[in-house]
Amino acid sequence: MALLTVDELSVTFTARGRRDVTAVSGVSFDVPQGEVVGLVGESGCGKSVTSLALMGLLPRRGVRLGGRADFDGTDLLTLSPSRMRDLRGRQLAMIFQDPLSSLNPVVPIGVQVTEILARHRGMKGERARKEAASLLDRVGIPDPDRRLKEYPHQLSGGMRQRALIAMAVACAPRLLIADEPTTALDVTIQAQILELLRELVDQEGTALLMITHDLGVVAGLCDRVNVLYAGKVVEAAERRPLFSDPAHPYAHGLLGSIPRLDAPRGLPLHPIRGSINDTIAWADGCAFAPRCDHYTLECLEGTPALAEPAGLGQPGHLVRCVNPVLDSSDLHTPLLEAPVPVASAEGDTAAPSSGAPAGTPSDTTPDTGTTPATATDGEPGDAPGKDTPA
Amino acid sequence: MLRLIVRRLLQLIPTLVGLSVLLFIWLHRLPGGPTAALLGERATEADRRQAEALLGLDQPLWVQYGRFLRRLVELDLGTSIRTGRPVWEEFTMRFPATVELALAAMFLAILIGVPLGYFAARRRGGWLDIGAVTGSLIGICIPVFFLAFLLKEVFAVVLGWFPSVGRQSTGINATDVTGFHVLDGILTGEWDASADALWHLVLPAVALASIPLAIITRMTRASVLEVLQEDYVRTAESKGLRRRVVRLRHVMRNALLPVVTAIGLLTGGLLSGAVLTETVFSWGGIGSFIRDAIDGRDYPVLMGFILFIALIYVLINLLVDLAYSVIDPRVRVH
Amino acid sequence: MGSPVSNTPNHPDDREGPETPGTPELSGPPAVPHQAEAPSPVGGDRARRASRKVDRIDRLAELTARRETTTGAGLWVEAFRRLRTSKMAIIGACIIAVFVVLAIIGPWIAPYSPTAQSWRGEVFPNRGLFVGPRGENWLGLDHLGRDVFSRLLVGARQTLLVGVVATLIGFTVGALIGGVSGAALVLGGRVGQRIDAVIMRFIDMMLALPSLLLAVSIAAVMGQSLTTVMIAVGVVQIPIFARLLRGAMLAQGGSDYVLAARALGVRRRRIVMAHVVPNSLSPVIVQATLALATAIIEAAALSFLGLGNPDAAQPEWGVMLAQAQRFFDQAPMLAVYPAVGIIITALGFTLLGEAMREALDPKLRS
């Protein structure tokens, strides 16, 4: 039994006088205790809406929710706002994308950390302050006592994100949702933040739902991956099979779009053509069909089912496609190459996610043989060097 | 902080000097000159010369201005041509009445405008929102003096709920301490005097508050709408904080920043409005005095008043700047 | 995620529109975006159904393409599109239209002379005897026995004139000062900064004066006349326009495209004239609309203080209102008519101005 079971979640925005917009249509996935589950897709595919729906942070007016989100026996979607308020921050916590705009600019960091301690753990005064300082210390913020008195604009980007993480883990939540937590950060800081998240998951047994568009982050951090397209899961698999045998043309295309250093000269990249706007309604067929290279008329016979395709051989590898890609030998994904040895060395937390930012084209050096870890690995301890504000 | 204050005060000096020069030259160009009003229409040329000599008006302009400046430093703004009393004395005598009225109006505008703007934004598109937006649009468009007349006519003359003129009923024997009648009553324990003064204050304050109220309501509404979209409000919600904490600490603290600035800028308009409102309600403040000065071309009074108002305006905005640097850490000076 | 450059011939956007001869049977290769190696469609019935859907995709592609061209339209075009759907703008524009038409044709459609004291013998202000609305005089008579309705109609022109001329004065002078200041600053150099600093000191000085008192002092110097009122009200607007234009130019001057133009070696003067000024004008134009409302109200306030047009024969709403205040106790409607006129007109300009401001606000543009 997974900690969180999302079953056919759908989110429809119903603005008056406008056509209803379905942002998420029937998304299902599980997040087991102590695991990192990725939700991957390009912007506009509904991944952020999914996370906000789970947190109960969507506006109540103008939004229609469907399906279930079973969190340890309670359905998050039908919970009353006040019960949800009790749950948020204590059992469920969220880390947002842009650390600067996600922190209140006119309230000191200390207050922003202690307010959650006061709310859920009943801590006040000096006790709350001490706990806040130790939280900041734990997420790798040097000189926490001074930082508590400072304002968000006085902190560097990485430190702001650490402060947000400190708030999220303040009450040891059972489920942590991270919505693109590294997108707004520099590459080196990205690696440190991912490292920190991995550590928290490993130490606390927290379940982490990682929402990202960065395949590098997925490769470095996630145990299981769900690829979202136009509001539906199109492929769900363990990390490794997904990267080695992406069966949905969209996932295949995503991996094929990553530039490689070792590619022969003149070999073109394989971008997925069009944009997420070139889509059709799922009811009419596969929403990806307009952009798909393997598109046949069968693709337009209603919504394809999410199923284990024959010929892949991996149990639990689900694909929503009529014509799945069965042979991915043409695909050479650099992402797994470096992280694999590290990731397979289980329990070794020294550099588990160091390869993560390798997805960023600028620093992909998969074939040099050197562990990228040396370049980007940031022990929380030596973070201050890069993290101190200018 | 202290350095900021000093710097701002020093910046003030050239502004005020420039202003005084400008006004001095400007007011001396009055058609007929200042003596025309003093002497009446039958005065001969000789009379005029004599009067000018008496007032020192026959000297070159720069000499007159030099004298004026020197006296300014000694808080001597000259003598009112109409009443024959020192301008400074006339002001200080009437000042508390105007300040009391302006403060009451501002208090009313903030007390009603901020919550109204907040709830309008929370229930965007609801009846309260539509009412607040429509009301504030109309509020800006009603001439202040007309509103004052209307209020006076309806609530004082026809309904008789409020007194129509003045600051105090006759027969109330109040001790004068500060010149603020409401405050005086509280200080001396003369509660009935305080209540009476408050009673007189209601209609003029409402009339004067109309424009600031409209502006504060709209600004608060727009500002809250913007802040509600901010990521940090979502963060606060994601922490499961109590609704009150989210509203006060995260929404209002940020939403009120632009409103504070606006309050400073509104004071200028408030003083203009005071001239009109005081006239309608025969409020014994600077406003009605100025209206008489306009009629009588009492130019030392006008010039002194404009300088005086400019000084107050700049000082209030200095205060607002300082307040802003306290409440917004991002502009704090280190 | 922008659409990546693609050489694939079947790129959805490259395909022809739905008017492609859609043969009912197999949809030909140009219509179906599948590649050659994809399995051929099977069977007539299914294929027909599928080809309908293919048509739908085509339509979708066409719609997508159309949407892209409209979003690329200019700021003003889009603002106008938003204005047309805004209730505030429509109401405001209607009020203004009625007002302007009245101002133009008022003197011709007025039933009586606005200045003739034709019914002088029927009105006795001293004894509180006034004549209210009646068949002959729709809105009654004023204190001198003149037809109020006619005076209102003719007065619309004067009122509009005061508002427009005053705003024009404020707009022209203010924009000139602000433009010079902003240009000096954007063109850069220490000299430019100095010029800007001096001008802004002056503007701040003007801002420090309560608008009404500034107007009063001007009116006091120039004597009572309509021109005085217009100038006084206009001068009050100068610092507002100046600051606004300068601020907008400053924001534009720091924007990326100006930087890009500079990097490309475009002459600075050309950058200012061709890019910065046109792009900075929208807040100023919005302000001008709002200023028309303020001008009409302030003109009325000046009239109330006895600084308005002394020529009582020339009807103007502000003057009418100021005169009627004296008889408020006996004939309140005499004040209410011009007041309502002023309020509604000011409301019209305010509504349109606010709607324009919203339409031009980049934050609200999706």
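When the chains are written out, they are named A, B and C in that same order, and each has its own residue count from 1.
The working rule: contacts are C-beta pairs under 8 Å (C-beta built on N, C-alpha and C of every residue); 3 or more make two chains touch, one makes a residue touch a chain.
Note that the structure is a prediction, hence the values are computed from the model and not measured.
Path length between chain A and chain B in the chain contact graph, taken as the least number of steps between touching chains: 1.
Of all chains present, the one whose mean CA position sits nearest the global mean of protein CA atoms is C. Averaging Cα coordinates per chain places chain A and chain B 55 Å apart. Computed from the mean C-alpha positions, the centre of chain A lies at a distance of 46 Å from the centre of chain C. For this pair, chain B with chain C, the centres built from the Cα atoms lie 29 Å apart. For chain A, the set of residues touching two or more other chains is empty. Those residues of chain B whose C-beta lies close enough to touch chain C in the complex are 14-15, 18-19, 22-23, 26-27, 29-31, 137-138, 140-146, 149, 153, 157, 226, 268-269, 271-273, 275-276, 279, 290-291, 294-295, 297, 299, 302, 305-306, 309-310, 313-314.
Residues of chain B touching chain A in their complex: 230-232, 234-243, 245, 249-250, 253-254, 257, 327-330. Taken in their complex, chain A has these residues touching chain B: 55, 57, 84-90, 93-94, 96, 98, 101-108, 111, 115-116, 119-120, 151, 153, 164, 167. Residues 201-202, 204-205, 207-213, 216-217, 220-223, 293, 297, 300-301, 304-307, 321, 325, 328-329, 332, 335, 339, 342-343, 346-347, 350-351, 354, 363 of chain C are the ones touching chain B in the complex.
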